[in-house]
Amino acid sequence: MIDIALDILSWILLVLGGACVLIGGIGGLRLPNFYTRIHAASLTDTMATILIFVGMMLQAGLTLATLKLFAIMLFLLLTGPTATYALANAALLSGLKPDAGTASDKPKENTPE
Amino acid sequence: MIFIFGLFLLTLLVITAIAIVRTKDLFVAVMLTSIFSLLMAANFFILDAADVALTEAAVGAGVTTVIFLCALALTDDKEKPRQGGRWVAFGTVGVLALLIIYATFDKPRLGDPDAPVHQHIAPWYIEKTTEYIDIPNVVTAILSSFRGYDTLGEVFVVFAACIGVLFILGVSPPRKTRKVTEKNSGLRHHLIPQVVGRLLIPFIVLFGLYVQFHGEYGPGGGFQAGAIIATGVILYALLEGESEALRAIPRGVLLGMVIGGALLYGGVGVACMFMGGAFLDYSVLAVDPIFGQQLGILIIEAGVGMAVCGALLAIFHAFAAREVLS
Amino acid sequence: MNFLELLGYFNYWVFAIILTVGLYAVINKTNLIKKLIGLSIFQSAVFLMYITMDKVEGGTAPIIQKGVEDQIFSNPLPQVLILTAIVVGVSTLSLGLAMVVRISECYGTIEENEILDAD
Amino acid sequence: MDLLAHLPALQVVVPMLSAPLIVLLQPRGLAWAGATAVAVLSFAIAVALAIAVLDGQTLEYAMGGWPAPYGIALSVDAFSALVLLVITGAAAAALLAAKPSIDQQIEVERQPLFYSAWLLVLSGLVGIVVSADAFNIFVFMEISSLASYILIAGGPDRRALPAVFKYLMMGTIGATFYLIGVGLIYMMTGTLNLADMETRIGDVTDINPILVAAGFITIGLALKAAVFPLHVWVPNAYTHAPHMVTVFLAACATKVALYVLIRFDYMVFQATLDAHEIQFAMFMMPLAILGILIASAVAMFEGHLKRLLASSSIAQIGYILLGVSFVSIAGLSASAMHIFNHALAKGGLFLAVACLAYQYRDLRLDQLGGASTRMPWTCAAFVVCGLSLIGVPGTAGFISKWMLINAALETGPWGWGLVAIILISSLMAVVYIWRIIEALYFQAPIEGDVPMSEAPLQLLLVTGLVALMNIYFGLFPHVPLELANSAAALLLEGSR
């Protein structure tokens, strides 16, 4: 009984995680400028990672694999947001202005006013 | 299921390759190459080649990308458009592709257990590894003992690349130069990457050592370990700046690692010769031939790890420490 | 299984396509770094060919587990060869890049046609 | 195991393991001395091997003690012994002479790396020659290629860099093509050992992949061997390399690729593929003939001394290939002989060029006026080697050309046409060698600050010695001839 419940729970988590990845991907394609796009992409790094890895851990049960999955999740959670930060920071340093009003980041807007 | 995943990965691989060739921005091309390597590694993994996947991920996606980026920083990151000549190239490669596809129709299909590849010497390796060497990872057994001579050659390829890069970049740039200040400080002024990076580096190096010494039992070995440890140090160089990393592990030490690693490997081979066996015949190293094999593999893997790590770092530093033309 | 059979060839076709794309970049591009990138794609394609042939249906990575009977292992030999070839590839690449850096310093460009014009 | 049994392994291992040690020899001159000692030792090993196989036997060596198809085997027969002599001899002679010229062209602090790379080229080339394993050949091919890119990139001129980059591109494509071919054969036979491949290809029913593999291997190795029309990397690479590197590489580098091509083709494909002899001849002979004629014609109109000789090298590769394409004992032994003799002649010529270049900065023909009065010995050596290249009786070059003509006559009605082509191309060689001699002897001396002195004694002695060897082996060719004949017999025996 508890097995089935865990199974269902893990699949819910996995599907949710998959949905997050999908949303992140769509956001990366559709959102108007650089900062909003990495915002969408960072969804994949954090929320989706947690959901998918917890789902997989539930699938694996109390084994060595769970420990490894946990370590990988930790690693991804540490590196993903850092990479996003570094990316945004680099964009900012190279002169791309965060501006909610702009519709897109064509080259002409890259130059600071 | 896994085959469908493979299909998906392969398709992505083709798309990435085409995108790499089409883009005019070399920076984008390099990042896509990194993705390409990662996809390739995933592909290798689902084709049961765990060792190769690990190597491709560490070397192809990691170290190669860093070296490419260093080179881009020293040159130009935009490709100039060119006209003409395209159809000649299309013609040549088109013929080539047709030729290969023509050849595929007689090839054994993927996973066919009756394919000639799986008949002749491969089963022998799987069967005899337990008997002669008694380590679980057959890939390591072949790599370091059955075909250890190839691996020796490979260490010397890496050595050649290392001295080559040092030789070619050993000339100072022709014009008056200045150093970019950003380069020496690394990311020291950026708190978040620095904190996270510092947290990760010990674990990366630890994982490298695990891969090094666990190579007989699981996927891994000297190459992978050398590449992973090198990545850890490169991360340190990116965070703390080039000069800090060089202070931690000076150039002389790196060169010493390369030379020492290569000589360690070769020295084991010569020792085998002196103890009455053929070159690289580790069985004579100890009274018990199986133990001799294991001992030999342990030592030469250490040599490989040292040489690869030292060479990759020396190459990285040769690029990264070079002054940018003003 | 018909579909699997097709997929078995699909790997080789992808090998052919990637090989072609890489070689195209090497032949047609004038930018030296782009040529090197093409070269690395070209070599990766060969890695894929070798690794494709090592797969056995139902096989696992060739790591012998004690006490488990009747395991099918994929062929370890191509993996060993490709381990070697990957390292050879990165060595060639770094040497090539070192040359490109020197060329850029001496000529001020990394476009092949401009280099030819310069001499 | 006694020392003799270990010789095939030592031949590779000695230069290979010395290479890292050379890097450590930082003090001035020491790196050169170390590298030279190692190269001479390798030459001694090669001589010992040649003596051992002179009676036609084959030395086998199992690396790591694993039996042949499972481990990597080395094998040395008459053919490999001949090529080993050429490689180690060229490396040793060039290194003996190298010091003054290298000191002039490469900074002292970079020299240890340079000599280390030199030994790596040497070990890579001998590693290819002694190996009996298809993949192992690839690994050693890469060692020798990477190291030779380093050597060529040491050229003082900036034009060396694009030249070597082109070489790197084409060399890597060639090696990768070879790798694809080996992979396809491995896929169909399940083995990597050359001898084992031959026996197992016979059992393969679906021959298409093997045919494609044969194509890939041939094209890949032809790229490495600079067979016409895949030779475009040669002229620039040879011209802009340091002079001593040109001596070494011109004498043996492309020939080793050709050696692998011959060995692969005869050991693996000739016996197993139907009508392969005829296909091989049909593809190779036209390329060889075109290569001979076109490259000689290019050489006739070339104005730069080194580039002229590089073009001539492409033509000579054509001669070797022509002999091979006859698929006969006479043709093969002529080719094997020409590998040896051309190395002598071209090595001597490039040595003389290095002597000239020691005093003359500009090696264009019209800038060489008055060389014969300034450097009489160098010019004399140049003339002797030039005669050998043309194939004048009494020099080494004559022996192989004569053998080639005899082999051509054996091929039947077409033979006379082939003989005509060989004679025409020899006349072309007379023309381009004469152009150099005219420049050296009869041109008005150029003005300027060229010193009135010979090249350093060290350089000159080796050059003279090689020139004398051209005459010696023209009069007493027994040893190489015997090796060449038994090599040809072995190769054809393998294919029957």
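Chains here go by letter, A, B, C and D, matching the order in which they are written, and residues are numbered from 1 within each.
The rule we apply is simple: a residue touches a chain if its C-beta (ideal position, glycine included) is under 8 Å from a C-beta of that chain, and two chains touch if they have at least 3 such contacts.
All values derive from a computational prediction rather than experimental measurement.
K.L.:
Sort out for me whether B-C or A-B is joined by the greater number of C-beta contact pairs.
P.N.:
Per the contact counts, B-C leads.
K.L.:
Starting from the mean Cα coordinates of chain A and chain C, work out the distance between those two points in Å.
P.N.:
30
K.L.:
Taking each chain's centre as the mean position of its Cα atoms, how many Å separate chain B from chain C?
P.N.:
Going by mean C-alpha positions, chain B sits 12 Å from chain C.
K.L.:
Taking each chain's centre as its mean C-alpha position, how far apart are chain B and chain D in Å?
P.N.:
31
K.L.:
Got the chain C residues that touch at least 2 other chains?
P.N.:
Counting only residues that touch two or more other chains, chain C contributes 19, 23, 53, 77-78, 81, 84, 88, 91-92, 95, 99-100, 102, 106.
K.L.:
Listing for chain D: what residues touch at least two other chains?
P.N.:
135, 139, 142, 146, 149-150, 153, 186-187, 192
K.L.:
Could you pull out the residues of chain B that touch at least 2 other chains?
P.N.:
100, 104-105, 107-108, 115, 117-118, 121-122, 125, 147, 150, 153-154, 157, 160-161, 164, 168, 171
K.L.:
Which chains touch, pair by pair?
P.N.:
Between chains, contact exists in these pairs: A-B, B-C, B-D, C-D.
K.L.:
What does chain B use to touch chain D in their complex?
P.N.:
99-100, 102-108, 115-122, 124-125, 128, 145-150, 152-154, 156-157, 159-161, 163-164, 166-168, 170-171, 255, 258-259, 262-263, 266-267, 269-270, 273, 276-283
K.L.:
Chain D touches which residues of chain C in the complex?
P.N.:
Counting only chain C, the residues touching chain D are 19, 23, 26, 32, 35, 39, 42-43, 46, 49-50, 53, 77-78, 81, 84-85, 88, 91-92, 95-96, 99-100, 102-103, 106-107, 112, 115-116, 119.
K.L.:
For a test of understanding, state which residues of chain A touch chain B in their complex under the given definition.
P.N.:
Checking each residue of chain A against chain B gives 75, 78-79, 82, 85-86, 89.
K.L.:
Per the contact definition, I'd like the list of chain C residues that touch chain B in the complex.
P.N.:
Counting only chain C, the residues touching chain B are 4-5, 7-25, 27-31, 33-34, 37-38, 40-41, 44, 47-48, 51-57, 59-66, 72-84, 86-88, 90-95, 97-102, 104-106, 109-111, 113.
K.L.:
So in the complex, which bits of chain B are touching chain A?
P.N.:
Touching chain A from chain B are residues 187, 190, 192-193, 196-197, 199-200, 203.
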